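You will see subunit A twice below: alongside subunit B first, and alongside subunit C after that.
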Partner chain A sequence: MQPPAEHVHWLFATGFLLLGLILIAEVAVGPEVWRRRAWRAYLWPAIAFGLGVLLWPVMVFYTNSTLHMIAHGAWAQVLMLGGAIELTLVRGKLQSKWWRLGMTSVFLVSGAAFLVHEQNSWFFQRSAFLHHLMGWTLLVSSIFPLARTIRPRSQVAATGFALMFVAVAVMLYCDRDVAPVFGHISPLAGAPHR
Partner chain B sequence: MKRRLLVVIVAALVFPAQAFAHATLERTSPTFRERLPMSPRTITLRFDQYVKVLPGSVQLFSATHRLAVSRIWTDGLYLKAAVPKLPRGPYTVRWHAMSGDGHVVSGVFTFGVRAAAPAATDAFGSSGPTRTEDFVRWLYFLALALLVGGLGFRLLVLRGPLSPRAEKRFFVLAGIGVIATIDAGIVAFILRAEDALQLPFVRLLYGDLSPIAQSRFGTAFIAMTLGFALVAALLFLAWLTDRAVLLWPAFLIGLGFASGLSLSGHSAADPGSSWKSELADWAHLSAACLWIGGLVQLTLVVWPLMPEVRRAAFLSFSRLATVCVAVLLAAGVYLSILRLPELRDLWTTGYGQVLLVKIGLVGLAFAWGGLHKLVAVPAVERGDGGGMLVRLRGSLLGESMVGMAVLLAAAVLVNSKPPTQPAPAAPAASSVQR
Partner chain C sequence: MNAELVSELKTRIHLTARARIVSALGPLTVLAGVVWALVQPYRITLLHPHGETFWFLVVEPPLLVIAVGLFFYFVIAPGLLQDLEDHRAASR
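Let's look at the complex of A and B:
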């Protein structure tokens, strides 16, 4: 009775897209305007935290392989942790700007989990390609949360950080696609079955 | 070169496929733990991708030995094996197949012919819990005590507002407890799967865990992971918003989901178990967590950071601990009698010997707690326990250490097999009729 894996990917893609768009909006209007309503500051960290909580059912219900389970467990934990740290910073319970490194570690751990859990080469099939792409994108773009930590007012860092979530959302939307026009990259992966 | 790379990337995004990284088992015939009225002719496994046959791709075992499989072949997405006519009994199927990506995917499931099939965790070849599993179970108990006992202490003993430092330390300890509970649960599940699948580590990474997830143990793992993830979220929100009221649902959910251990262990699965044994097991575990977790909070939060409330907290905890010890004792005695119907089982069986060690440690912990109750509590109540209060920290630490040792013995006990119960005598009339 589980939903198809692609539906779950799309759900999370929507979450990341929303998160990215909120961050873009904040960059566009500037943090001063954005935070005129106090609740807006909590919006994106709360979504990140909520997505982390929602990843737990994915981990426990999709147990088709150990690697898959461990990777989803890692994503659930780091996303909850990253969201929690950002929420706490907004609330003012944590003051040091270095706590923002928490989001850098989210990117690094998530990227590493994508690469470790995908054992196939880049061009084996679409999902393999996207797992590699997402893994490297997250690892390389961890520079943005790092820059955001060191230079909190940097527009480039904030924009890069926001666009990263949009990019991850697009890749997640592409990761599991059942449209009939699409096919496998490698014939070794077998024929599409749905 | 750049243009070529760009074309490849765009092509990869435009021509997607939805296939998983490696083949996933979608269904089997017989199904997991199916009870068949007669012997099957073939065993069929359906995957989501094409798979290749390997030598010994499908291995069939009776309750005692491996059986010959005459032919194994693939048919599209199906892997099939012809099996001989099987007499009544439980059977285990171990399968391996090469996925399209070249990785070997593996799994195990059981079925029965005119007989009940065991859970995948009890499949043929599984050797049962190891010392590593005992250790992980112990960590699980400790984490649960830190979480549930900590929350119980905060809500039932330290009800008022705390100093910022004490509040922070309480949340750090409870936070460590909930994260460790979730992670120890994941490790315990993987270790159980490793034993059921009988695979080396690298192949275990591609092992299909779904039959283990469908066992009683797996169901408890799923429920408890989700429950404690919710507890983690509530705990964090309670700290973030300074709303101690959120600790109540966290405490109650934590306490409730701790029952997963009772609903999947000896008290639920062994002969003679009933709702009463499950309830007793849960009460036993909950009382132990409240007692030991409370001692940790008293030692690490109240004593060093809140000297002004030491007296009140100590007296209040003493009342809670008395109730916990009473519940612990009553439930423990009931469960011991249930699992060891003969007194000599205590020294003649492995389970009984571990229980003896646990009883010894519990006796030591009770004696230590009794000393606090009979000597320290009256002195503190009289108000002449100033020096006593200072010295008490070391003593409370010692008591909590003994409590942790009790949990270690409990972890070994939970993973041990109780002696088999004597079968009830069959009524004479029914044996004549047969």
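Let's look at the complex of A and C:
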């Protein structure tokens, strides 16, 4: 009854896509209009927190290696922490803008975890390629949450932050358990399927 | 032209652009899902089930993309557009 790993990636991609659309909409209308309804202000931090909670079952059930468990556990923790900090900032319990560094840590830890837990080379097969790509994308794009911390009203930082979630969603949707990437697949990867 | 009038006109154009972005996000996402389904129909296993397991029949990526677009369009966009309009009216 346990879903294949690629299905889990696609389900998380759906969450990240929704998160990306919400953040794009927030950038488009501006925080003043976005926060006119209280539930909307809590929406994206709550989804981020929820995705962090959902990563715990992934850690528990997908135990193909210790590194996978540690990586999934680290993602669960930082995503919950990042979401919780943003929720508290919206609520007004936290005031300092430097708390937003929590989301920068989400990007940094997630990127590092992707890179560390992928033991195969870029062109081993598609999921290996995407793990490397997502890892470096998250590490490099941590500049957006960092810029959002330093300049909270920056449109470029907010737009880049939002688009990164859409980019991660697209990469997660591309993931397959065993599939070639740009015509490459290692004979050690197993029989490919579409 | 009166400077105040020009300023108001600029604000209206800006708000219209904002409203267009919000209105377009859902349909564009749905369109992306439909195009994906047409380009890779084999990713919708419901169209040609051949003994797939439960998860292959439930989790269909192009349909998930379409669902996200529809959710945004019907649940989030209407209230947001209303608030944009209210904000514009209040700032007149």
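Heads up, the rule we're going with is that the second predicted complex is superposed on the first by the 182 of 194 C-alpha atoms of A that agree within 3 Å, B and C clash if a C-alpha of one lies under 4 Å from a C-alpha of the other, contacts with A are read in each partner's own complex, and residues count from 1 in each chain.
To be clear about the criterion, a contact is a pair of C-beta atoms (placed from the backbone, for glycine too) under 8 Å apart; a residue touches a chain by one contact, two chains touch by 3 or more.
Because the structure is a prediction, the values reported are computed rather than measured.
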Of the two partner chains, subunit B (first) and subunit C (second), which one does A:Ser127 touch, if any: first, second, both, or neither? first
Is it subunit B or subunit C that touches the larger share of residues in subunit A? B
Look at A:Val29 in the shared chain and tell me whether it touches subunit B only, subunit C only, both, or neither; answer first, second, both or neither. second
Thinking of the overlay built on chain A, is A:Ser65 touched by subunit B (first), by subunit C (second), by both, or by neither? first
Would you sort A:Trp99 into first (subunit B), second (subunit C), both or neither based on which partner it touches? neither
Return first, second, both or neither, reflecting whether A:Trp136 touches subunit B, subunit C, both chains, or no partner chain. neither
What residues on subunit A does subunit C touch that subunit B touches too? 194
Contacts from subunit C onto subunit A in the complex sit at residues 18, 21-22, 25-26, 29, 42-43, 54-56, 59, 61, 64-65, 67-69, 71-72, 76-77, 79-80, 83-84, 86-87
Listed in rising order, subunit B residues that touch subunit A in their complex are 8-9, 12-25, 48-50, 77, 100-103, 105, 179, 182, 186, 190, 193, 204-210, 212-213, 218, 221-222, 225-226, 229-230, 232-233, 236, 239-241
The subunit A residues in contact with subunit B across the complex are 5-6, 49, 53, 56-57, 59-61, 63-67, 69-70, 73, 76-77, 80, 84, 87-88, 91, 93, 117-120, 123-131, 133, 174-179, 182-186, 188-194
If you look only at subunit A, which of its residues touch subunit C in the complex? 1, 3-4, 7, 10-11, 13-14, 17-18, 21-22, 24-25, 28-30, 32-34, 36-37, 40, 43, 173, 194
